[in-house]
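Below you'll find the structures, each written out as structure tokens.
Next, two complexes with chain A in common: one pairs it with chain B, the other with chain C.
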Partner chain A sequence: METPNLSFIKEIAGDDEIFQKRILEIIKKEFTEEVSLFKTNFSLKKYEDAANDVHKIKHKISLLALEQGSKKASEFEKELKEGIITLHPTFLEILNKIHVYLSN
Partner chain B sequence: MKSLSILLIDDDEIERIKFKKVSQKTEFISTFFEAKNGENAITLLKNKPYSFDLIITDLHMPIMNGFELLEKLKKNKKFKNIPVVVMSSSTNHKDLKKCFKLGVSGYFTKSLQSSEYISNVVSLLNYWQKSELVNF
Partner chain C sequence: MHIMNCILIDDDATARLIIHQLCKKSERINVLAEFSSAIDAIKYLNTNHVDLVYLDIHMPTFSGFDFIQTLKNPIKIILTTSDKNHALEAFEYKSVVDYLVKPISKERFNKSIEKLETLPIEAANNHLETQKLADYIYVNVDKRLVKINIPSIYLVEAKGDYINIKTHETNYLVHSTLKKIQDKLPSNMFFKVHRSFIINFSEIIDIEDNTVLVKQDVVPVSRSNKSELMKKLNLL
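Here is the complex of A and B:
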């Protein structure tokens, strides 16, 4: 099972540690806000808006090198646009993994 | 060597930072100007005394999205000849078709895989830098 890591960011950043830190800081700040917005829109059944939230979050999922996770997020985004929510539990699991990773 | 003057439009700050960082992996220097959405970009275009060599824009942005921006650029005599490349994570064929109908010079998908993303950005910038040198 894949776990969040910095390989994507490191590949882009090379030896630039300041860049790595800056990206991580933005992820930490925006991830919480975006997830909260997603949860609100989802609970209100505003699936089109929730799809837009997933669209933003999936870039952060990919930045944390969760390849399968970002694919699932893309699928979930498509689902939501059609009002389908079967991948919701899977998406929440991915969010939780990231939350735990960023909290450490 | 002439550097490319690029207007980079994306509402996501990380995407802009990421793109600029990867641009340093090319053999050329690019100068970036940034906008968060189409409206912001139009203001920058109007206030800048010289033209951009290339516009790279996302599609899904608040206030004025990429499609609205493309329509405005196409209608403006001063801006209609600036090449525009769309950078989006959308693989929707309708979006792609609409972009080319609106006259974009290229469409590149933001890959969610690091090596593919880097390779796409580097190829894109190298291609435009070389095209610019041919025209220079």
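Here is the complex of A and C:
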């Protein structure tokens, strides 16, 4: 089972530690805001808007090297555009995994 | 070595920071400014010259494709997106030189820079490039990009959300608009005779009243376009 890690970010950062610190700060900030927006839109059944939120969150998922998670997010984004929500629990699991990782 | 001045447009701050970092590592790219909205970038371009734009497609209210359609001057554009599905549409735009899928790896980014190095930079060269490309277009048919020699096209007909491109060899039904293809076709060869038809006027066999015969197709000519069409013909 894949877990979030910084391998991708480290590849981009090289030895630039300031960049690495900054990108993590921004990811934390944007991730929190985007997840909150997603949860609101989803609870209001605004699935088209929720799909757009998933699209944005998906980038963070892939940056944290969750390849399978990113694929699932893409599938969920597509589902939401059609008003289908079967992958919602899977997506929440991915979000939770990232939340725990970023909180440590 | 020519340094290319670029701007970044992405509503996602994380994405902008990643691309900025990748640009910093390249000796060839200089980032002039970053924008979270395409509209702000348009305002900037009104008073500043840039060579290259890293552009996100998926943005609220004003998408990357909306941005491209507002451009008056040719600027090289590298699209950056989390969505692979827009690739075919992206390359319908002449200004799009590459398509990077997020997360953008260092390796893929560097390849993109190498690709840029093989492209002409000055406006004059851009013009030559346009001329060179003017002999053919690529169209999306059943998820395949098909090359069509422009002189072989004799008629283009609008059919709802599609256009039917008729060539001497075959016909192609393409999801596009007459306006889009008209912009790609040389005006010294093609003419829009009616809101639903563009013809290659060197292929006209005869003209009668408000119709033209192009190969075996009888095509209506709107009254407002007829005099313009007559001017283009080599009349005795």
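In this text, the second predicted complex is superposed on the first by the 104 of 104 C-alpha atoms of A that agree within 3 Å, B and C clash if a C-alpha of one lies under 4 Å from a C-alpha of the other, contacts with A are read in each partner's own complex, and residues count from 1 in each chain.
The rule we apply is simple: a contact is a pair of C-beta atoms (placed from the backbone, for glycine too) under 8 Å apart; a residue touches a chain by one contact, two chains touch by 3 or more.
The structure displayed is predicted, hence computed values, not measured ones.
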item: When chain B and chain C are modelled together on chain A, clash or fit; value: clash
item: Partner chain in contact with A:101 - chain B first, chain C second, else both or neither; value: neither
item: Which of chain B and chain C A:52 touches, first, second, both or neither; value: both
item: Touching partner for A:7 - first (chain B), second (chain C), both, neither; value: first
item: Touching partner for A:71 - first (chain B), second (chain C), both, neither; value: first
item: Steric overlap of chain C with chain B in the superposed model, located at which of 79-87, 133-141, 187-195 or 205-213; value: 79-87
item: Residues of chain A that lie at the interface with chain B and also at the interface with chain C; value: 8, 11-13, 16, 19, 22-23, 26-27, 30, 52, 55-56, 58-60, 62-63, 74
item: Touching residues on chain A, where the partner in the complex is chain B; value: 7-8, 11-13, 16, 19, 22-23, 26-27, 30, 52, 55-56, 58-63, 65, 67, 70-71, 74
item: Residues of chain C touching chain A in the complex; value: 11-15, 17-18, 21-22, 25, 58, 60, 82-83, 102-103, 105-106
item: Contact footprint of chain A on chain B as seen in their complex; value: 12-15, 17-18, 21-22, 60, 89, 110, 112-115, 117-118
item: In the complex with chain C, residue positions of chain A that touch it; value: 8, 11-14, 16, 19, 22-23, 26-27, 30, 52, 55-56, 58-60, 62-63, 74
